[in-house]
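What follows is a pair of complexes built around subunit A, which joins subunit B in one and subunit C in the other.
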Partner chain A sequence: METRVRKINPNLLRDWFMSYLFLLPAFGFFLVFVAYPMLRGIYISFFNYSLRKFEYVGLRNYVDLFHNETFMKSLWNTSLLVIITVPLVIVFSIFVAMSIYRKREFARSFFRGVFYLPAVSSVVSITVVWGWIYHPNYGVLNYLTGLFGAEPISWLGNEKTALLSIIAVLITTSVGQPIILYVASLGNIPSSYIEAAQIDRATSWQIFRKIIWPMLMPTNLYIIVITTINTFQCFAIIQLLTSGGPYYSTSTVMYGVYEQAFKLGNFGMASAMGIILAVIIGIISTIQFKTFGSDVEY
Partner chain B sequence: MSSTIQAGMKAGVNPSDLAGKKPWNIGNLIGNVILTLSTLFFIFPFYWIITGAFKKQTTATAIPPEWFPLHPTLQNWSDLFKNAIWRWTFNSFFISFCEMAAVCLVAALAGYVLAKKSFPGRKIIFTMFVAAMALPKQVILVPLFTMLADFGWVNTYRGLILPAIGWPFGVFLMKQFSQTIPTEVIEASKIDGCSEVRMFSTIILPLLTPALGALAIFTFIGSWNDYFSQLIMTRSTSMMTLPMGIATLQGEYTTNYGVMMAGAALASVPMIAIFLTFQKAFTQGITMGAVKG
Partner chain C sequence: MNTVKKGLMTLLGITLIGTQLVACGSTSDSSQTTEPASSDKKETTATDTAKKDEAKPVEITWWNFPSFQALDGEVGKYEKQIIEAFNKKYPEIKVNLEMITFEAGPEKLNVAIASNTAPDVIYDAPGRILDWAKKDLLAPLDDMVTDEVRKDIPEALWKQSMVGDKTYMYPINTAPFMMGVNKTVFEKIGALDLLPLDRPDRTWTFDEYKKALQAVKEKAPDIIPSGFFAKSQAGDQGTRAYIANLGNSPFLNDDYSKIAINTDKAGAALDWIRQGVKDKLVVSGSESLTGGDVNDLFLQGKLAITLNYSPVLRAQNATLKKAEFEDVLVPFPTIDGAKPKLEPYLGGMAIFNNGNDAKIAAAKKLIDFIANDPEWGKKDLIQTGGLSARSSITGLYNDPEYTYAEQAREFYTNPPTIVDGYAEVRTFWFPELQRVLLGKATGKEALDSFAQKADEAIAKAKADAGK
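For the complex of A and B:
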């Protein structure tokens, strides 16, 4: 072994050394600001950690969380948020992509731009204007529904409508990237496949189901995974529109992490919530890979 | 649908032309109506921001709403600029710019090496980067915050800029793109006796430019919109970013929507301008990161 090491020529060693040198800044920042905080997050989730104390409590944070009604409610809200948002984002993005991918380059850019705008412009701006649109007295929405004879609704102040109102805003900020990706993959489907099917008198639905959908599978997987992760992390919209209210009806795990850590100062508890969120996202991503990944042919 | 194709074939039209022009039918009509309505739904908030920014407070809250500001006023803007707007704008640009430059440099160096060099530990390091990317970023924010608090970095520029450089998405993107650089180019320059650093800066970096452009835009916009980090890391008014500052104005100007809209316009206009200018690089970057991922 030792003789082999000695035989490594100095040029190779120099090459390795340069490689490590090039890698060092990225890896250094990664270790300090990503990898270490992750481990530290696991560590402090076993502590009662606030500004005043740092005391080992074992699994108590986790046990407490699962007996905490507010946390269970925010788990439920988070699930609702994901279950409603993700399919709607997928369906809407495919619909838009299908409608625009064969249009002229200019029209395609225009529509892609329009649907990407909310994602790219500041989320604070979008949220602030939606707060106005939803306002029970001064908002356009109640004026418009009023034209059809509906009673004014406090969209964000009502337990029944608050989460749905948040979801509507979240969807507008989530479809931009999926549409761009779907347009790109639809453009990659050889048009001869579709033409052949058309000549064989396949219906539009058959063409979609049998040709287009299978070809979209790799894109679907990616979009489902990133949309799910983004939805789990939805924060600014909730914090600025409802602060988790009314009666915790829009409080999500992500918002709970913020509240525990930065409003109540319970960093240990907040870390435990973060870990639970990470585990849930990990499980769901794995399931998605297993379900949708198996259909991927290339 | 099929009858139109037959008619088209009879008339000597190539079926591939029909693929471009879908036959006019009821499904298509409904589709176009939905597309138009959705477009309006997506554009309306921006229309409302821009027109609202020029409405008087009395007309902004009027019902029925004033669809277009008939008596435009600049009052909202002068009210808005009574706040530390210039400082916030500077902070936003400064933080986003530093983050962008650092991420591009660090990611280009690492991505190139990971794609084109072989050395012990290469695979493990790349796997670590990819694994971290699959985890939600917000999960590390609490431990990261306590760590930065221990450093005494809360409410500082370095606390806002440095942690974001560690996020491995850039490395991943640059690694994917570096793989497309032909190995012969690297071999040839080696024979010419080029030093590693010179080769990187004169040969590799220019080849990476398209991907770096996309990464730069992503990072800039991502940093500008990283509301959660800004919220937990800034304490004083003078350290706030533009979106963060606008968000805090919400408490002050509760229903003074004119001022809020002026602020909202200001916070999003730079991003929209960047997006429209670099839309092509942006679109390519998104597909690059996904398709090869």
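For the complex of A and C:
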């Protein structure tokens, strides 16, 4: 009876070793700055951790949060922010990308630059400028609407307009990257597909629906997931423009995390809020992967 | 193949989400890798260390808000001069200065305390200091308060510096929070007589105040008569005192256990403010303005009366004026001209108990130098732009407004900073003001709602402190 001994190829072993060696720094960073803080955050969420107090409270932070009117309002506001912002960002980005991707290189670069500028500018600077645009007494927006005889509006001080004003700013800072990605994706669609459809007398809408949209699905998936996550985490704009007001109408979960942790020093409660937000984002992202991921195959 | 791809995509998705969520997970965690030390352990270690280090050089960290006006426009330059002078007297004590801002400093302090990296000494105000003292984070300073100093500082200021019978803040500078008036506007419209400036104590009634605002509205249509703000908690001492005086109602009850401002009169005052916005007597959009925004309008000469002013702010704002005008201080008006109740600004120093007696002793020497050094004590006070917390030290400035501010100290009241759970209590104030300004509640309803939430927070803080 002959026993077959499987020999390990030294080259293969070396490649395997080298691959993991190169992965090690990134993995180390992931462990230290992502995995550990997340696990620690989960752990802290079961404690009343306030400055130097560290007392185990089980699920009390979570129970308190779901009985807290302000948190529930923040959850609702966050959902509204995502429901309105994400589709608008997608639609606007595709519209702009469709409008510019066949233009000459100079025009394409110009528009890409214009729309990408807010993405590379400081959110704080942009928000401060918007603060002046919305200023109730000396804002540019009220000046412009005043030219048409409209009464000045307290854009950020009115419950009906505050969240929409935030969404407008959020959209300007969110469309830059999607436009760049969509322009690149549209450029990769073979023109022969579109020409063939045109010869068959397909309408522009039919070409978009049957050819362009399906071929944009991988890009759609990425943009939808990233924009959703970024919108859930919107914080600086709210902190600088409204501080969550008026009367909690723009308060979001992320703003609540900041307020609990850094203003009130309730790190346990803040961690519980963060975990709830993480779970919500996880569920929504999974749904998005299931929904949009099924068509990603060309 | 498809299943493998889906699996990989899901893994990628989870990784992406994880990466994006670091902020959520780490906000509360980024800086705390050690568990809080028990106070017993801390004290034992501290005593041992002190014995060993008695003659050794000591290094302490001083975190400072811009409590002193910037010298030559450079933040921290004056503080460095203090340290230089201090080191001539105490060369063995090395002081590491870190300047923090009023905007980001409080958050930085919360994180530092939670991660056991708090500074050794800080110049701050009672709002935070008393909260830390109640949480047993500070070292008592009673051994450095002499009988002379104890008697020389008014009771209202000691109340803001002590928890129980222990002193945790060494009071240094003070000033009453009042209203700032653009005197030049009233001169130009010939309505100077509507201001109470000819009265020695400058007190005035609500009706007189309304007449002054009406005059500005009619004769200077480009100027906003008065300010109000409710965007955030910054500067809330202004809105608190304004409503408390307009409604002749104390903010707290006598034993500081409950909110007392939810009276009919205070509710009516709040209703008047909302109506004032409609009548263009009060700045519009006040629900989205901060105290800083309103004071900016005042400094630009666009606002006649601002409600969050003090001699300290007046001194600090002197170079920030965007228009030429004379600003004067007046107290808040009251319904029947009764004596106003002014919340005092109080600045002082506190020491964190970081478990090292040598550092605590060194920090006490620094505080004593800043407050009581024959040469630097007076210089330091003037650099804050405030009055001395000590009643016997007067006449620091050659300015009639400071002379009046010294006199206005007679209107000092106990501010809500002394109440248990103050940090949480104040988070309920401005949203209720917003509710009134939005027309969603009457003044009384909003104040009742505030009182209910605040009373719960006070009771909870008392219960936590008792554990």
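Criterion: the second predicted complex is superposed on the first by the 266 of 298 C-alpha atoms of A that agree within 3 Å, B and C clash if a C-alpha of one lies under 4 Å from a C-alpha of the other, contacts with A are read in each partner's own complex, and residues count from 1 in each chain.
We take it that contacts are C-beta pairs under 8 Å (C-beta built on N, C-alpha and C of every residue); 3 or more make two chains touch, one makes a residue touch a chain.
Please read these numbers as outputs of a predicted model, since none were measured by experiment.
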Partner chain in contact with A:Arg201 - subunit B first, subunit C second, else both or neither: first
Touched partner set for A:Arg40, first subunit B, second subunit C, both or neither: both
Per-residue touch tally on subunit A - higher for subunit B or for subunit C: B
Touching partner for A:Ser99 - first (subunit B), second (subunit C), both, neither: first
First, second, both or neither for A:Phe267, with subunit B first and subunit C second: both
Touched partner set for A:Pro136, first subunit B, second subunit C, both or neither: second
First (subunit B), second (subunit C), both or neither touched by A:Phe111: first
Which of subunit B and subunit C A:Ser19 touches, first, second, both or neither: first
Partner chain in contact with A:Ile275 - subunit B first, subunit C second, else both or neither: both
First (subunit B), second (subunit C), both or neither touched by A:Leu75: neither
Subunit C-contacting residues of subunit A that also contact subunit B: 33-35, 37-38, 40-41, 44, 49, 135, 137, 229, 233, 254, 257-258, 261-262, 267, 270-271, 274-275, 277-278, 281-282, 285
Parts of subunit A lying in touch with subunit B, wherever the complex brings them together: 15-16, 18-20, 22-23, 25-27, 29-38, 40-41, 43-44, 49, 92, 95-96, 99-100, 102, 109, 111-118, 120-126, 128-133, 135, 137-138, 140, 143, 172, 177, 180-181, 184-185, 191, 194-195, 198-199, 201, 203-204, 219, 222, 229, 232-233, 235-236, 239-240, 254, 257-258, 261-262, 267, 270-271, 274-275, 277-278, 281-282, 285
Parts of subunit C lying in touch with subunit A, wherever the complex brings them together: 2, 5-6, 9-10, 13-14, 16-30, 32, 35-37, 106-107, 110-111, 113-114, 116, 132, 135-137, 224, 230-232, 283-289, 297, 302, 423-424, 427, 430-431, 434-435, 437-438, 440
Subunit A residues within the subunit C interface of the complex: 33-35, 37-42, 44, 49-54, 134-137, 152, 154-159, 162, 225-226, 229-230, 233, 242-243, 245-248, 254, 257-259, 261-265, 267-268, 270-271, 273-275, 277-278, 281-282, 285-286, 289, 293, 296-297
Of all residues in subunit B, those that touch subunit A in their complex: 1-2, 5, 15-16, 18-20, 22, 27, 31-32, 34-35, 38-39, 41-43, 45-46, 48-49, 52, 60-61, 63-65, 105-107, 109-110, 112-114, 117, 119-120, 122, 125, 128-129, 132, 134-147, 162-168, 170-171, 196, 200, 221, 224-225, 227-228, 231-232, 242-244, 246-247, 250, 255, 257, 260-261, 263-265, 267-268, 271-272, 275-276, 279, 283, 286-287, 290-291, 293
